[in-house]
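Note that the chains take the letters A, B, C and D in the order they are written out, and that residue 1 is the start of every chain.
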Amino acid sequence: MDLAATLLDGVLLGGLYALFAAGLSLIFGVMRLVNIAHGDLILLSAFVALTVTTYFRIHPLFSLLLVVPLMAILGYALQRAVFNRTLGEDILPPLLVSFGLSVFLQNALLQIFRADSQRLHAGPLETWHIDLPFGITMGALPFLMFIVAVLVIGGLQLLLYRTALGRALRAVSDDGEIAQLMGINNAHLYGVAMAISLAVVSVAGVFLGIRANFDPSIGPTRLIFAFEAIIIGGLGDLWGTLAGGVILGVAQTLGGRINPGYQILAGHLVFLAILTVRPQGFFPRTR
Amino acid sequence: MPVKLLETRGLIAFYGDFQALFGIDFQIESGETIAVIGSNGAGKSTFLKSLVGLVRTKAETISFDGQAIWGKPAYRIIDQGISLVPEGRRLFPSLTVEENLSIGAYSRRKGPWDLEAVYTVFPVLKEKRTLPGTALSGGQQQMAALGRALMANPKLLLCDEISLGLAPIVIREIYEQLERITANETTVILVEQDVKQAMTVADRVYCFREGRVVLEGRPTELGREQITKAYFGV
Amino acid sequence: MIERIQVERSSRASRFLAVVGLFLLGLLIAAPLFGNRSILYLLVEIFVYIALASLWNLLAGYTGLVSIGQQAFVGLGGYSLFALTIFTGMPPLVAVLVAGIISALFAIPTGFVVFRFKGAYFAIGSWVVAEVYRLTFAQVSALGGGSGTSLPVEIVRHIANSRAERDSVIYWTGLAIVVGVLMVIYLILRSRWGLALTAIRDSEAAAESVGVDNYRTKFLIYFLAAGATGSIGALISLQKLRISPDAAFSVNDWTAFVIFIVVIGGIGRMEGPFIGTILFFILREFFADLGSWYLMFLGLFAIVTMLIMPKGIAGWLAERFDLQIFPLGRRIILPKGKQIAFSQFDTSETSERRSTTKVNDD
Amino acid sequence: MSALLQLQGISKRYGALLACDNLSLHLNPEEALGVIGPNGSGKTTMFNIITGITVADRGQIFLLGAEITRLPAFERCRRGIARSFQIPHPFGGMSVLENLLVSAVFAQGESEKKVTYRCLEILEETGLLRKANVRAGSLTLLDRKRLELARALAANPKVLLLDEIAGGLTEQECRLLVEEISRIRSRGVSIIWIEHVVHALLAVVDRLVVINFGKKIDDGEPRTVMGSQAVRNIYMGPEGDAG
């Protein structure tokens, strides 16, 4: 019976990983940019939320009202000032610049917040439980986070496939030169894409902060989970990314039940297994 | 005195590090249709791309609608009312036919052209509006690309080899629609390899060879040999 | 006319620098005679980073394989050494070489997995594989599990009796490895493989269409780099006399710093890792005690370099002063002895945007 | 199977567009074949299929009687197929001489010493000798086109594929190119040459093939093919109708 509970935990954890992945997948889809600092930006939003909650003494979920816009603005500025300059045929510049950003962010956070692990306290919400049949109980908070994750991914899908902005983002992703012929300012649109990505990242960061302890050094592993969720779920489609996140979450929780040391390793091994099975391997959709 | 919609003087353009145009003087009046002919590599497409700012150029002036547009980024020039139907059509693969048309109106310029107007001119696009752009035949893709450019309600429409790789009857159908389009005084520059087809539609003709204008005039005034000599340079 | 043309492989400058190099090598060999313990330790660290940076440069700068997972082989090499010495009693110095071979063998299955990725995905894919190795060794209790283990005393004594002797032996081993790695890389780049690598870097499609087998060439370089990285990993663990999964497979120590060294030094040129390593250690000596401020500065420095000077210092030097320490190019001398500008293995075409190199011919 | 190179029923589709439509073609030993047709008619796709950069959906290719349809590109090159790209792909970071050495060493499987002087001869023939040490990335477009030809020759091919190599040349340069290609032919190399500069083509080729919509429309003696109705339609537009 507790196997069902473990599976449920895995699914709910998968929602968080899908959120990690959605931001990364959007950026890669629109401009072929793999942001090595993606994990550290998740951490940054957690720390910003920490500052906001302690300073204004408000609930972490309310802090989202401030953290999300802040991170979106940071995303737009980062893209226009730094990343736009690195886009082009050669994959090295964006990779190395984002690598430098990752090291910078980790150490800046270390300098400000020290290395001790922190936690965003959600108060009584953390203890609420929902009783399900067969005596399984489900934490209200993880369930809420999963619902929000699904809503965010649904929202991104709607934005991409139902709005003029989404149309423009897909057009720029298909053919940057012809997009300009439509009157699209590519540089601005890339900025908007990074702003959206960091908005999603900030939700993921706050949930991460509520769900578990965090410290400045755990960014890179979050990047790897995001990457694995994208690959397992199949490129390009955000619902696939959700499925990828869930599979990764379940693999990790199952592995964790066998032996706590196997949790992350199990996720990696499932990722590698799925990868070697896929015939064509993984080629980023190059135009 | 008819209004000069677009004028270039001493236009030089580069394709990568290769100079493709060597000082083009060109002008077109509002409502006119001009054909630009010339063999492959003569610089026709580069000329259109330099007007919309997609290639590196140097020029004494490129003025459009009384304003200098030289050196402006492409999206600013498009906003002022120039639209280009690119060579090879290049519809957006992940967008449906209707989405490809709607994104043509991204710059939201007012005018007679909207989805309904395009569908009346090209009814087949209405049937196939939910299909992805790539699922259309060559001719239908060309119509969609033309419709996409019209959706921006341009003052000046640039067409780059719209008859390329199309069957003769399809070319005729497209050119008939083009005449209906230019009826309500849209100004058109037509780059065309199919010399015969171009002559039937154009008020004036420019012939390019190796990045220079080698012949210019009204189709009626220019003889067939004159054109062939300018075209092949032999 | 053609028969009287000579093809020159080295210039006067590079011959002069070769002599200087030999003199420097002689000095380095003699170092243990007058250097104290901390200097020897520092020199070995410098050797390690020059070798790792040169190997990473060979992968990313020449072959176009941008890996963030080379720490996998540093760790594999280290653990191989510990396993060989502890379980089979193999003499440590022999184990350093055998550890390299073992790492190279591991590179075969690893390569099959990561070569399914392309471009930026290859970078993260290789990182994930390194993490798998790290977490796996953390489960191996026989080698100390997560907290790691130290090299048993009798094995340490096996290197040499006294501590001073041990320091010298490890130092010479380190010197031998770095010289060996650099010679191998130099010979590769001077040989037909060097032609193939730079051809792949400049245009994969064209390389394949003139007869270069891209996949096998890249795999061979990945295989060799893994072996050399393994030996270096073994040397590192031998010098530290201790090993743990987080230290042996550390992405910061064995990948992040190495990438910064190559980027700042100059990617795609053999001189890059040298200049980068020297600069890195100068910065470290002065600023390391500032802790995370130092690392923040390093991150920013890499970003600025990549944006402003993508060719790095070596690239800038090559363009400004036509300086070429390692003569890798080929140059023809016309019979009238009229010299033509020296060609060098520059990085990809991106440098073309800058003014074209001076051609003092027609 | 007397033909040196044989294409049988080659078809290739990109979405709704048929780049090659059941295309069959043969090239005899020491023959020069010209290929003309409007832009986007599938000519370059045909070259990509012969050289192995693109795999055909249907059809087979034979070289000296042996099937090479599925062979990877580098293997086909080693068996004697060399190609100049329409849009030059030089090895930008290497010198002009080194560009040729890559081709000579890997296409022929010879040591560098053995092939160096042959490469210098080719550089002299193609007028690039004085720029042997120049970085290929800094060449002008015309020199890059010469380099494409020189690099293809350095592979000592049996079949040389030329893709619009005369475009943008002055009269004088065109004449030099025609002389050079005639010299190559006399050394027993078979050639397939896609070109728009028709007068250069006519000066060299034995046979002329016309391709439109990925189909072979005409194949025969150059002068008669040029005079045919099919060619006139393509270039000068359908005669006598629509005005």
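The rule is simple: a contact is a pair of C-beta atoms (placed from the backbone, for glycine too) under 8 Å apart; a residue touches a chain by one contact, two chains touch by 3 or more.
Nothing here was measured: the structure is a model prediction, and the numbers come from that model.
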Longest centre-to-centre distance from chain C, chain (CA-based): B
Cα-centroid distance, chain A relative to chain B, in whole angstrom: 44
Cα-centroid distance, chain A relative to chain C, in whole angstrom: 33
Between chain A and chain D, centroid-to-centroid distance (C-alpha), Å: 49
Residues of chain B whose C-beta touches two or more other chains: 17
Numbers and ranges of chain D residues touching at least 2 other chains: none
Set of chain C residues in contact with two or more other chains: 348, 352
Overall pattern in which the protein chains touch one another (line/ring/star/complete/other): ring
Touching chain combinations (by label order): A-B, A-C, B-D, C-D
Interfacial residue positions of chain A with respect to chain B in the complex: 164, 167-168, 170-171, 173-175, 177-186
Complex interface listing, chain B residues touching chain D: 16-18, 39-41, 87-88, 134-138, 141, 161, 164-165, 167-168, 172, 175, 193-197, 199-200, 210, 228, 232, 234
Touching residues (chain side chain D, partner chain C) in the complex: 51-53, 72-74, 77-78, 82-83, 85, 89-95, 97-98, 101-103, 105-109, 111-112, 116-117, 120-121, 124, 130-135, 137-138, 151, 154-155
Residues of chain C defined as touching chain D within the complex: 1-3, 5, 7, 192, 195-196, 198-199, 201-203, 205-214, 268, 329-332, 340-349, 351-352, 356-357, 359, 361-362
Residues of chain B defined as touching chain A within the complex: 52, 54, 73-75, 78-79, 83-84, 86, 90, 92-95, 99, 102-104, 106-107, 148, 152
